[in-house]
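One structure, as structure tokens, below. Some questions next.
Read from first to last, the chains carry the letters A, B and C; within each, the first residue is number 1.
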Amino acid sequence: MFAPDVPVTGRFERALREDGLIAVGTSHGSMSAFSVEQYDVSARSIAAAVTSKERRAQFVPCQPKSETEFDKACASKFVQQYGGQLFRRPLTVQERDRFVTIAGAAQQKLGGFYKGLEFALIGMLDSPQFLLRMDRSEPDPAHPGAVRLDGWSKAVRLSYFLTNSTPDAELLRAAATGELHSEQGLARQVERLLASPRVEMAVRAFFWDMLQFDGFNDLFKDPSIYPGYTVAAAADAQEQTLRTVVSHLVQENGDYRDLFTTRKTWVSRPLGILYRMPVGTRNGWEQAEYPASSARAGILTDVSMLALHSHPGRSSPTLRGKFMREIFLCQRVPDPPANVNFSVVQDAVNRPGSTARLRLAEHNDNPVCAGCHKLTDPLGLTLENFDGAGGFRAKENGVSMDLSGALDGEDFVGPQGLGQALQDNPGVPACLVEKMYRSAIGRDIAGPEEPVLEYLVGRFESSRFRLPQLMRAIALSKSFYAVQNQTGLVLQKTVAVAKKGDRS
Amino acid sequence: MKLADFKVVKTPVLALKAGAAGAAIIVAASLYLDHSAAAARTEPASADARQASGAPLPVADTANIFSDGQAGFVVSKIAYALGPDEKTACPRGMTGGVRGLIEAYSRTPAGKMREGEPLNAYERRLSESVHTAADGRNLCMFPAAGGPDPGWQMVQGKGLKVEGIDLDGSGAGKKAGGATCSHEEFQGTNGERGVDNQFYRVVGCTTGFQPTGQANSYETEMLTGSWGILVTVRGVDDPRNDPEIEVGFYANADPIQLSASRVPLSHATYTADGNPRYQAIARGRIVDGVLTTEPVDVRFHNVVNSMNQDRELRSARVRMTFTPDGGMEGILAGYTPVESMYDLQFGVRNSKNAKGELAPERLRLGTSMGRAGALGYSCHGAYHAMLQAADGHKDPATGRCTSLSTQYRIRMAPAFVVHGSSRSTNSSLITG
Amino acid sequence: MSQLDRRSMLRGIMNGAAVAMALPLLDVFLDVNGEALAATGQRIPIRFGTWVWGCGFVPERWIPTSEGSDYVMPADLEPLAAYRKQMAILSGFDVKLDGVANKPHVTGTLGLRTGVPVPNETVRAPTIDVLMGEVMGQGTRFRSIELSASGIERSYSFRGAGSPNPSETSPLALYKRIFGEGFQDPNAEVFAPDPEVMVRKSVLSAVSDDRQRLMKTLGSSDRQRMDEYFTAVRQLEQRLELQLQPPAKVENFTVPKAPGKTVVDAEIGNVMENHKIMAGLLAQALACNQTRVFNMLFSDTASNLRRSASSDTHHTLTHEEPVNPTLGYQEQSAWFAAQSMVACRDFVDALAGIKEGSGTLLDNTLLFAHSDCSIAKAHAVEGIPMMVIGGAGGRVRTGFHKAGRADSAARVGLSIQQAMGVQVEKWGAGSMDTNRTLTELVA
């Protein structure tokens, strides 16, 4: 909202992940004293910067009439302008008066008109109306007796979904005029936002969340086993996949399913070490392709995916299989029971001739384990020619590996077979639709919403799996703006049973 | 591969694609451009690019180091190759160094503590006496102003085995002729004759150059990324035997990449220093897996106490073997001009700061005298001992040799070497 | 007409973006402080200081063999064993040079303290003590006090390139500076509340005005969340309220006696003695709020310490002494390294010896102890030994060993700044640059 050089400092609490998405967990997250303190720290640094001598001409819309007397009119103008943007709606009279009063009192105590504005701005930035998104409803003229979201609440939903940010002035204008309640008005804003470069930020934020890259915060690799997995490589690995996702889905408007097979990717020098690929660019990123002769293709063979779902010192077909089912197929794989004896697996990790497939086979003699491993391992074992840090390996403990696997009855071999199998699997785009919809509405799906998902899957499919088309369909759907306890009204009948346990 | 053929062979560009930021991109390990879009070439190490899908080859297979007959390396370990320690090499004891000179001086009447002289003033006076020439100039800055150090000990032991290369060919029937000066040669550790290592002869009886000493700690700055050495090998048809190959030596323009346990990483990409002074190409051959090269003058960077001083080696050659990790190890040897070796390893007369200006005198003096104390020599003693032992590059005018045979033991890790002129990640930190 | 839907969604504005990081604690801090404050109604300031010793350590005698809280106390840290719970041992964090030439003893020290490696003394950013001083050093007589125990007037406290803040080297001069002319009885001080704090508090009250109205419109789960928010705001208000109270009376304070004249030089016996006296005077000065920030240079980074009648200094020994083949390290150099930790204990003793509220001055201090290098003979700046000692008024967690595994040393500097309330999200340059708080240390 302010210039990019206005510093925003402060740390925020670790987000709560719920059913695979932080976007959903957020609606149940709590506000601790710590985070409020951090917001206050940010608020003060932002407000000081905005009202500083160097920047006030840029940000303050008027000049005080007097050096000493409080200029209430100018303060009101400032409060209304920024209050409207921060609260994402016009301030009420009481709200405006409250912050103007703060400005006046602060000026009196501390001297200086801009000191007053500074504290009025801090007050707005510390307010729950800014820090929390609150939906407001109003009577729906089209359905007497029912309510609908008001224009500003719609604008907020739309803006966070399509740009991962607060509504811009044009969207607030459309909210104020009621345009967002009309189909054409809404469509015009959706098209405008979809065409803006900020869509990339929204897609990036969504995939960061969906791919659970917050897991890198706790990821550790043994440097004696994986020397190339450095702090820089870990950071760049995430960026590589997000860049690939954004350039493929947004910039090139590509088919979502092709993310699992595309050879196009991005590399930096720290990653070149892990991929054993030269990277000419000394300082930054370059687009590249996994060579046709290599074992890699698709984001499943990116270091980010392979390393995140491995152990500190070895790969894990089980973790890899679990993440693929949960992240890309929206299936839930139960955690192992607490009393499993892993020694069979552990003891053999470095034994000559031992492979993960053999170790897991021993482990799966136990029927308690076999049930879940049947879900995970046939997928994960196909990636076994990548070690726990995502590096390529031809052999494990001196022997070649059997990379055969299966998904939903389809047999395939190796990482490229796996990528192809996911590309071909109808559950993959359906899962993306579900995750994106849940992320957009910021909560779990209510039973009656299943038909909405079916509708969206259909739209996604008919667009040949173009993500912007899916985002458009969601943004234009009535259910996206539904007032929650009325979802049943907004939606059509026929209800597929939502298998809650299958979601992740 | 014949070199004649080699010259016209251009690495094929399999695919080249403009990136979002105007970067040119390569597909497959072949040819690379950087942001400047200047033509670039690369010497790839083994890459999974080379491996057929489904039946990939193990990357550690030495047969697989080369891609299109090329390979790149970064020096990961370097140290002077020196012979046996004082026990066998120094029957007459160790070089006395500054301490020895101070002790000798303090036994003279002028060197006694004066009535009422505070201890630290006396110590300062003693130190000044041995660091100052008769004409008042500092001996580390002007070593020629002093004479030879009577306490200097050259390596004397008989039948010493010393790692290294026969540089002047005398071991196998002298052919270098008038360019070198006669000197006693060492036997190689593998029994070969004629190893030239006059640098060892000069410093082998000095404490800092013993195996426990600190003379080889210059590697530290290489590992912190202040300087580095890249090597490329091109035109290899058969990594076991190839009569004609080309070996490139370059200063590294990028900091070396280390693991979290601070070991140089394999398969990193480095940009060669664009300055032709720091680039050299030699012809070479591989015989039964041993790679050797014809002499070529090489020059690298070196940093001591935050000051830059080139590490120079004239008529340099290598003798390397391939290692299972895809690297090479062996000897880099040649002749270091005495003046250059003095500046590099002893008195810091001409070192530059990061901006390329002559470093502050106080820093140069402090470093020179501090190092003399730490490594156990005197500046002028080192200078004259090197002149005395010089065995290469005879000056026809004086008939005296001007350079010193010098041997380095090195290891290299596989790396990708590229040529380009874009700014490095560290450029903002390095300059200004 | 607008009203909040009963089940409307609340969603943090930072949602989704890459603002993960950060951790839920510091409530502990509030609790601890809140308790102390509720009991006494007094405000106890928090202090920050650095304690620097030169020429690093012998890794096998200093680094615990395991991480976490159950480590075995290594030989050279044994003198500090009594403070085990109040001490975080940080090993294996690197000053990342990115090819910047390493000026021995200086590049490591300043890299650690500014987050930016430099090939000389021309720092690119203020040192961490200066950054801290800007936040917490206001309103005291001295912005900070620099001390050096080995006779060298140097300090590693830089506001900018050029001139370091000079150190006081003599206990007597230190005494005169603090307790001589210009010293006022701390309890006689007239307290004027900070008007800016008053305004901040009134802003938070205004923000809370909406509480009743908002709560009425919310469903129960959202009401709970909104209640958490307002409770948090209330806690913040209470902390500001506290700052409007006069500072706690300094208990049992009497102006210390002037120390006798001592020999100021680098002989280690003299250094230990001067250091102990200066630590005691500094502790008194901290207790009576003459300053809140300090830098103690026990030995210079190229340690000038020497034993009586020996011309070898700790520094020259690190370069000239051969490695003892039986021990595997340089024996005499190791002796100086071990003595440095004894001195560190003396310093911590001085802080812990002053009672303050229900604890000691140490509980309200964050002492950042570090050296200039790890292995001095190689001037290695990888794995420079560091410790965080003291409670910082509950703002840091201690009692553990953390191995950095070649991570950026700037993580430590970032974390302690954040703990002390400096508004900083990322710190350092190049490979040092980090936004990753050390969660073991700072909630």
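Just so we're on the same page, contacts are C-beta pairs under 8 Å (C-beta built on N, C-alpha and C of every residue); 3 or more make two chains touch, one makes a residue touch a chain.
Since this is a predicted model, take the numbers as computed values, not measurements.
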> When all chain pairs are ranked by how many C-beta pairs they have in contact, which pair ranks first?
Replying inline: A-C
> Relative to chain B, which chain has the most distant C-alpha mean position?
Replying inline: A
> Which chain's mean C-alpha position is nearest the mean C-alpha position of the whole protein set?
Replying inline: C
>> Can you work out the whole-Å distance between the CA centroids of chain A and chain C?
In response: 36
> CA centre of chain B versus CA centre of chain C: separation in Å?
Replying inline: 42
>> As a quick test, compute the distance in whole Å between the mean CA positions of chain A and chain B.
In response: 51
> Which residues does chain B have that touch at least 2 chains other than itself?
Replying inline: 254, 258-261, 424-425
>> Two-or-more-chain contact residues of chain A, please, as numbers and ranges.
In response: 223, 230-231
> Which residue numbers or ranges of chain C touch two or more of the other chains?
Replying inline: 405-407, 431
>> Going by the contact rule set out above, which residues of chain B touch chain C in the complex?
In response: 123, 207, 210, 212-214, 217, 220-221, 224-226, 254-255, 258-262, 303, 305-308, 353-354, 370, 373-374, 376, 424-426, 428-430
> For chain B, which residues count as touching chain A in their complex?
Replying inline: 15, 17, 19-21, 23-29, 32-35, 40, 42, 44-54, 56-59, 254, 257-261, 263, 265-269, 271, 416, 418, 420, 422-425, 427
>> Taking the touch rule as given, give the residues of chain A at its contact with chain B in the complex, in rising order.
In response: 223-224, 227-228, 230-231, 247, 251, 269-270, 272-273, 275-289, 291-296, 385, 392, 394-395, 413-414, 416
>> Touching residues of chain C toward chain B in the complex: what are they?
In response: 97-104, 107, 116-117, 119-120, 311, 316, 319-320, 322-323, 325, 377-382, 405-407, 429-431
>> Looking at the complex, which residues from chain C come into contact with chain A?
In response: 1-27, 30, 195-196, 198-200, 202-204, 206-207, 209-210, 214, 221, 225-226, 228-233, 235-236, 405-408, 418, 421, 423-425, 431, 436-437, 443
